[in-house]
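One structure coming up, written as structure tokens, with questions to follow.
Naming follows writing order (A, B, C, D and E), and every chain is counted from residue 1.
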Amino acid sequence: MSILLEVLYLLVFPGFLFLIAYALFIEYVDRKLYARFQHRVGPPILQPFADIIKLLSKEDLVPKKADRKMVSAIPLFAFAAVITAFLYIPIWFNQSFFSFQGDLIVVLYLLSIPTLALFLAGWHSSNPFSQVGAMRAITQLFAYEVPFFLVLLGPAIIADSWSIIDIVNFQSSNFWLILMMPLGFIVAVIALQGKLERIPFDIPDAETEIVGGLLVEYVGRRLALFRMAIDIEMVVGAALISALFLGGFDAFISVAGLSPLAQFGIGFAAFLVKTLFIVFLLASIRALFARLRIDQMVTFCFKWLAPLSIIQLLLITGVKYMGWF
Amino acid sequence: MEVEKEIKEDLLKTFKEYVSNIKISRARRVFIDVKKEKLKDVLLHLRDKYGITHISTITAVDVNENIELLYHLLKDGVCISLRIHTPKNAPDVDTVTDILPGAVLYELEIQDMMGVVVKDHPDPKRLILPDDWPDGIYPLRKDWKVDWVEGGEIKEE
Amino acid sequence: MLDKLINWSRVKSPWICHLNTGGCNGCDIEVVASLTPRFDLERFGILIKGTPRHADVLVATGAMTRQIWTRARRIYDQTPEPKFVLAVGSCACSGGVFRGCYNVLGGIDTVMPVNVYVPGCPPRPDAIIFGVLKLLSSLDPKIAKLVEELERKGYGKDIEVKGLTDHGSRKRD
Amino acid sequence: MKYPGAMLSEIWRHLIKKPATVLYPLERPQIPENFRGKIEYYDDKCIRCGLCARDCPSGACTMKKFEEDKKPRPVFDLGMCLFCGQCAEVCPKDAISLTKKFEFSTFDKSSLIVE
Amino acid sequence: MAEITIPIGPQHPALKEPINITLKVEGEVIVEPILRIGYNHRGIEKAMEARSYIQNIYLAERVCGICSHVHSSTLVQGAEELLELEIPRRGLYIRTIFLELERIHSHLLWLGVAAHEVGFDTLFMYTWRDREIVMDLLELISGNRVNYAMNTVGGTRRDINDEQKKKLLKGMDALEERTKYYVKIATTEPTFLKRVEGVGILKKEVAKKLCAVGPTARGSGLRMDIRKDDPYAAYDEIPFEAITSDLCDVMGRTVVRVKELLEAYKIIKYAVNNLPAGEIRKKARRKIPENEILSYTEAPRGELLYYIKSNGTEKPERVKIRTPTLANIPSTIEMLKGGYIADIPIVFAAMDPCIACMDRVILVDKKNNERSMNWEALRRYGIKWYEVKR
């Protein structure tokens, strides 16, 4: 029975099927919001789904000079990494199925893989555009990864645990950590924007500079897998930030006495609302700014984001040291 | 009209028989015939005395035996066109890029389109016509009628 | 069933790659204008992609010049199947005003097969959208009916079609 | 004053505004009265003078001899037409007019010929 | 680290004039750009010799789709001068209104494209949405959005009635308000400023030496505006200012264009309010007497020059066209030197031939003539890149 449940978890909810559906929905929300910010109508709701199906059915081309095995393997690698990462994030009640002490580190690690995969993909497709893109992606990786990791360290220090579920439980019994570290929340959202390679940090695939950047030579189902991996990365990133700063499934309502179904409903609704809120923020950032140049991006990250996250970290350690929590 | 007249008088005085046929067709338009070998001197004179450094373009016109080149210089709306002639069977002209650096592309253009050889051009290369365009065909000459020129082939990348 | 799904997705998501083969820009800016809020091609799921590898529809504008036709041909070859070509503007249809010039080969169809011709100099963005619809009408009978109706009635007011985009038939004042 | 996100209020305001999009083909764009669209030719008015073919800049309008006619009459190839309206302007009898119709994309180029 | 060569272009979709620039780069810094144009060469000058003046008006309009009216105006103006024809004032005013409407449409388009080049898509969408106001006005009067076919030898082909006048004035008011908002955005948004300030520097002396024209020259502090220097159409009667800026970078060119927009609104309002009564065109002979003429105009991109030589028939003997973009290319090459690869689009766009994106960059290692770099080369590339940056 438990094996059956486990398989269900993995394949249907919150695993494979739900995640893909939700990721495509999130992409729709993002594109629609972006379009509405620009005073347009935007795509219909099933648009991402249609894109994926179409890409899956397209002719498959691999450039002559490219390494066929690598080109085929890399998208799968990225896709698997982000899907795995999602399994550690609690979304509806106070135990994530695969939760263990230290899963925060695993999630952070898995979230870095898509960027590395993109880099390899760009490198191995032997197109000069994608090679320039790959260079930029890897340069950018070092810039945003540092503040992102530093700032996500804060909640772990406060809650005295490396487990995401513990941090969430700490928040539901005390208060949401965004109240204590608003600075950290802002830095985390900006760094996530960089991780997802969106404006103003879409330097690796800057469309007007190096056409499609990393994925120039990617066609058909490999491109579909990459797009999906990036969509899922967005869901995982949003869910992670909402779990660490916005109290995860906590919705101000005491769920102790309620039935498991109601508990599930409330927690899940809170999850949806919070991730959508973060996607809204991400879409706003995307609509607000111009693209930075790679050197400006690196300077920005090390001059502003990293110091801010260190200040935040020092504050947190101070609070902890004083024994207020 | 004063500037135009002044330039006219001045050029006639300085270069005497080397300039002729100075025509002020309307306000701010001056056409001057110059001997080919004196062109650079006239340009230098105009640059040093009147500060004319802007060249609008070089027009090449096919007139029977000769090819006529017009150097259109512009200063505050006054356009001075220096006209020189070069024989059509062996057209050539000295480069003026050492005096007017802005003329680089215009010289290449007349070289492409009219077959006027520009001597000492800093970067002589084909500018406008396709890479596979046959040598010796200059599309703007009157004796070349528009007929089909064989197309190129797709090269492997 | 699967065929139907694939066909549906192709109708809903035709990504285009814009290819200028030596036109005068008039059609190019109208193609770009059709992306902007007033016309907004994204509501049909159309995205403009910089690379032909990602595209389904090549939107070609301008007369084919001698200098560019080899590259245009290569771009056509790089586009993965199934691919369609839309010739936008009179120059792309036949060479237009430049037909007979020494450096112009003629329309787009001298180099690659063309699916839909959109005449106009330049065509309105609406006409380009109509050209895309016409192209899609060969895949989807529902759109074929709409296109037929548009063609029959021409410029009229009372055309009502539902379900073309997922916005329904929302009317604006 | 320089501050990041100068457009924030503007973009959030547009979120609740109605989009500027004209939902063609569900609603029709405003076509002005003197739009230069598809050419229409009225055979009964034409006197076969050939002025239109003389002035056509692109050669879209040519005089073609038909079996049933004595004199050649103009034929328009909309695939080459520039829709400049020069033919309608020079026509002494108003036998040519430019309509408001702009939807005539086609799969087949030969269907663009107006006789 | 060997120099690498990057050919950009020519067939990029969004390139308005297909062009190929081969760049020698070190790391991300450009050492030497080499130019190759002519992909868009259609042989218009030759074709003009085989067509009558009436037909050439429409051919001239198709030299460039964005400044179509200014091209036909220049040709028509030359032909009228050759005929020594006095044009009715109303015709000239309508021509001027169209010239300015076209400048507005071109500059708004440019602003949007420049924003798009630096990835500021929201500004791009907003400006292009507002550009539709101009497009509607142009379509309302002329019947087409891009190629207006308003000019004919002897005047203009269509009149402006009272209702259209009202709409013109209303449209100008709306645009003025929006333009002021964009000025505010463009001067306060730091990410945008970072990409345009200090980029693509062209000193005043260099601009003068290389014969830059139009907003490129005016953005470097050179005061040259054919509308003032050599008034044509109705510009001698309409008050306006020639805009210059001393910033010498992309920002300077942006400032010039935006201020010119504001001037253009004023010009149109003045011209509409003071539109003379009378007819709009005069009948002109088809045969033009033998002579030669130079016709200058100020296109949205700079000075435009037509040299027309007539031979007494209804076809010209020779027409020479010099477009502003060609004049600006040497300056653009100068601007690109020492810049970053990432800045190419915006520097190029600042001149306004607008490479919206680039296609087919091929990295060729000059020494080994290989098409790509190996891992070691990549590492060195990275190290070198940072050294250069510092």
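What we mean here is this: a contact is a pair of C-beta atoms (placed from the backbone, for glycine too) under 8 Å apart; a residue touches a chain by one contact, two chains touch by 3 or more.
Since we're looking at a predicted model, the values are computed, not measured.
Enquirer: Tell me which chains count as touching both chain A and chain E.
Expert: Output, common partners of chain A and chain E: C, D.
Enquirer: Would you say B-E or C-E is joined by more C-beta pairs in contact?
Expert: Counting C-beta pairs in contact for C-E and B-E gives the edge to C-E.
Enquirer: Find the geometric centre of each of chain B and chain E from their Cα atoms only, then give the gap between the two centres in Å, rounded to an integer.
Expert: Comparing mean C-alpha positions, chain E is 24 Å from chain B.
Enquirer: Centre to centre, by mean C-alpha position, how many angstrom separate chain B and chain D?
Expert: Roughly 41 Å, centre to centre.
Enquirer: Provide the C-alpha centroid distance between chain C and chain D, rounded to the nearest whole angstrom.
Expert: The answer is 17 Å.
Enquirer: Between chain A and chain C, what distance separates the C-alpha centroids? Give it in angstrom.
Expert: 35
Enquirer: Residues touching two or more other chains, restricted to chain D: which are they?
Expert: 4-5, 7, 11, 19-21, 23, 57-58, 82-84
Enquirer: Of all residues in chain E, which are in touch with two or more distinct other chains?
Expert: 38, 41, 43, 46, 58-59, 62, 122-123, 125-126, 129, 132, 144, 147, 189, 191, 356-357, 359
Enquirer: What are the residues of chain C that contact at least two other chains?
Expert: Those would be 36-38, 40, 43, 50-51, 65, 67, 96-97, 100-103, 121, 124, 165, 167.
Enquirer: Quick one: in the complex, what on chain D touches chain A?
Expert: These residues of chain D touch chain A: 4-5, 7-8, 11-12, 14-15, 17, 19-21, 23.
Enquirer: With touch defined as at the start, can you tell me which chain E residues reach chain C in the complex?
Expert: Interface residues on chain E, with respect to chain C: 10-18, 38-44, 46-47, 58-59, 62-66, 68, 109, 112, 124-126, 128-129, 131-132, 135, 144-147, 356-357, 359.
Enquirer: Enumerate the contact residues on chain D facing chain C in the complex.
Expert: Interface residues on chain D, with respect to chain C: 18-29, 31, 57-60, 77-84, 100-109, 112.
Enquirer: What part of chain A is in contact with chain D in the complex they form?
Expert: Per the touch definition, chain A meets chain D at residues 33, 35-42, 284, 287-289.
Enquirer: If we count contacts the way the header does, which residues on chain A are in touch with chain E in the complex?
Expert: 37-40, 65, 123, 126, 128-129, 131-132, 135, 139, 199-200, 202-203, 206-211, 287-296
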